[in-house]
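By written order: A, B and C. Residues from 1 in each chain.
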């Protein structure tokens, strides 16, 4: 297998070189490194629990931006030297990679200063809305979670227009068509505009403990019902020291809504019907609740107090044997210094839905049903920015092919939003057990293409998804409703009221 | 004061240490968290006494090397270059806002303590009521004012708002400390021809130094721990510890070890400040000279 | 400098008038608190219209919306529970610990210093600390409380409606009881000794001494502490924001948290301002009743 991998890398490098996605210098360097990459891959396999994993032994040498791109940045930034750009972003792997490792190269080449304010998600929203409402242009770029796209739609530039109107600022080979089409639809597009370009893509995949599954004689779950049976069997056999499943079910938190949509869509339900009314309380919605309620019994009792942090920890510490959740956690699980399950986890596509997914025609507000719930975000230049052109240069650099490869390699195997990045040799080279692994990325790519579910786009969605729904679902799991039907009916009237304004 | 018998004395000592230990335990636990590897933070059952300590969290947070850190690691919360300056920001803001609050409030508290004027009682109540406004409600209008007058994202802006937030508390406390100093001292000084200003500077202020120190400690602490104003009125120019701590809550989980490391490091400057005024503080807490 | 000033101004500056002493305070407070107050009142009659990108006049809509907003009434009841329960606990506990530490035993200075350490931690971080310690699977407090049989593993403290508020209160008690101790100690230590000596000669019990001597002489200190702490308790926000997001359901949603969420998360500035004003009015009424009843004269 190793030999075939090596051939595969070589083929990919050549392909990238031929298609001018990679400069000559980089091509030669990568080709030269091929032997080394394969060797360290082997080492990683032999000692997955080795002390102080060093996934990027020569990282400081290999993983730096291509000279070509930096030269373009330098050439095009002439008029903007000395400009300061501001961006407020959630603390996500891409933003952290740019902020702590890659920004310096851009600053050096462009002569600009990039100030990145790292905040938890809800504070990013707060900063952005204040900026928009006051139209003061304190931030040049916005980090836009997919659930905010509708509300900031008119406050940012459409990148396609920027390319058209500023041909002299357009990055050669930037290639808007390289962004995964499903992500463009699900994250960036609102009505017929692009609200920035897809910037990062956390998405639900199925992650499970291979050792436990093998011990129990199970195969990876293919249907939701099978997943429940397996989770239950594990909890019955090994609880309370090990539970079959886990979740992010903290009342009043966005994460609870994320879990709900996955089960809802997986049972052929949808948040909104084609009439724009809440439909989570229909027959399929209730079926989903019934499923979720019984699956909940297979999870650790603390699950209703956890967001993705507690959920991830429960798997990392060996308290839960599987989770269907954000793929971003997978590289973390493989990090032997942080978790007890390094090398034991396996990623597969999410189980197939119990009933046929609803089509977008059967739902409202552009909702796209799919078990693989996505929580991606886009990056866009603010219309209030005082330096939109300089910001646009930074944005192209930050979302370019080259930068995304570095982000994915440095940022711990986060999912790229560009097709071609998945095949880059530097990404494939990390396809081994250890911190920052990329061995789950093929699953991520498949999930984006085939299983992805996207929340609806409407200006009230931030309120509905962060409050209206998760507060009431929290009440349901705290036992404050008589039945799931009662809870869902209550949500229905509350959501419809918010939508009506 | 009251002479206690031996058993009661012993009981008091034991209970006092036990109660303090209860309050210190969370701090102890948080401190150990700062020295733990991620997987040990989440040990089941929690490892309270025995764990293998690491300095890695401090390396990650402050960008210093003790040899635990991996090369070229992407760090949560913006990384190490981000954190050390934030401690500095916190110190500047807390020190200067405390100084500003103390200057304004000692003046006011003196006159409120020594001068009788109509409506004094209502005036004090009004001062107190300015603290009742929820910070959320103050934050939005302040955001707009600050944008207009250029105080947004500046140290000065945060210093002013923190001083302001502490004024009611400081005035109230200082007034009660000044009230404890017998009026007769003032009066005899007035007979000697001293002005109000002289009495304030040479007599009342030195005598109430302990009270001033105690008030300063509280002002410092409230500024040190304030969250909403710093969050709303800063961007990238400065950040204080409470706000920057929240950036360890990331999309791939919370960096608990890092957060604890910053928290522990942030305890130190505040603790040093308390120690520096400790001597005054003890006197403030006793005001003993007046008892005889 | 005083020589060049006209006599009238000199009189004002150096005489018995409180004006120059209070001027800086009043200036600061007027500029930075009257304006926000007026702005909020104005704001409560407007609402931010996302599509128009500006505030529009809505009349009394925000105020009348309060009546039928069950979330508001829930928040109000949580706020009051939190306020009264914690005020009582912190005053009593603070006084007990202050009495305990009011002694010149060796090492007690250290104990007083150690107690102030809890105040140095920012409340937002305290929330995270207790969130970690109360984690249903990994938390050390959960472990201890489960071990003692006080809690059951099936009912995680922060995720159970009946206990969540108590879980949040724990953080508040831990952080702020030492604040009360500090203020009470300052008061206790400045009490004159004569009444105690007299009481001792009469052979009074320590409880009698506390009731008849300490309490009356401490009344003003206690009143100040209650007011300061009470005001902050009524605005409680950080702990539930971090620990429970107001949940499960709305069982830990306070008025401040609700106002924060309306203002910042949903950009309903007008409604957020209305909620804040309601909170302001309520705490002002409570404080004034307290000042009147406790006969505090400043």
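Methods note: a residue touches a chain if its C-beta (ideal position, glycine included) is under 8 Å from a C-beta of that chain, and two chains touch if they have at least 3 such contacts.
These figures come from a predicted structure and were not determined experimentally.
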item	value
Neighbouring chains shared between subunit A and subunit C, ordered by label	B
Chain pair with more C-beta contacts, A-B versus B-C	B-C
Distance between the centres, which are taken as Cα means, of subunit B and subunit A, whole angstrom	39
Subunit B and subunit C: spacing of chain centres that average the CA atoms, whole Å	15
Subunit C, residues touching no fewer than two other chains	137-138, 264, 269
Where subunit B touches two or more other chains at once, by residue number	42-44, 140, 246, 254
Residue list for subunit A, restricted to those that touch at least two other chains	126, 313, 317, 319
Interface residues, subunit A side, partner subunit B - complex	52-54, 56-57, 59-60, 63, 86, 88, 90-93, 96-97, 99-101, 115-121, 123, 126-127, 130, 134, 136, 138-139, 202, 308-309, 312-313, 316-317, 319, 326, 328-329, 332, 337-340, 375, 410-412, 435
Residue ranges of subunit C touching subunit B (in the complex, touch as defined)	13-18, 21-22, 24-25, 28-29, 32-33, 35-37, 39-40, 43, 97, 100-101, 103, 105, 107-109, 111-125, 128-130, 132-133, 137-140, 143, 174, 177-178, 182, 185-186, 189-193, 196, 200, 206, 209, 220-221, 224, 227-228, 231, 234-235, 237-238, 255-256, 259-260, 263-264, 269, 272-273, 276-277, 279-280, 283-284, 287-288, 291, 297-298
Of all residues in subunit B, those that touch subunit C in their complex	1-3, 9, 12-13, 15-17, 19-20, 23-24, 26-27, 29-30, 33, 41-46, 48, 103-105, 107-108, 110-112, 115, 117, 120-121, 123-125, 127-138, 140-142, 145, 160-161, 163-164, 167, 169, 171-173, 175-176, 180, 195-197, 211, 214, 217-218, 221, 224-228, 241-242, 245-246, 254, 256, 259, 263, 266-267, 270-271, 274-275, 278, 282, 284-288, 290-291
Complex interface listing, subunit A residues touching subunit C	122, 125-126, 129, 132-133, 135, 151, 240, 250-253, 300-306, 310, 313-314, 317, 319, 459, 462-463, 466-467, 471-472, 474-475, 477-480
Contacting residues of subunit B [partner subunit A, same complex]	37-39, 42-44, 68, 70-72, 74-82, 140, 143-144, 147, 152, 231-232, 235-236, 246-254
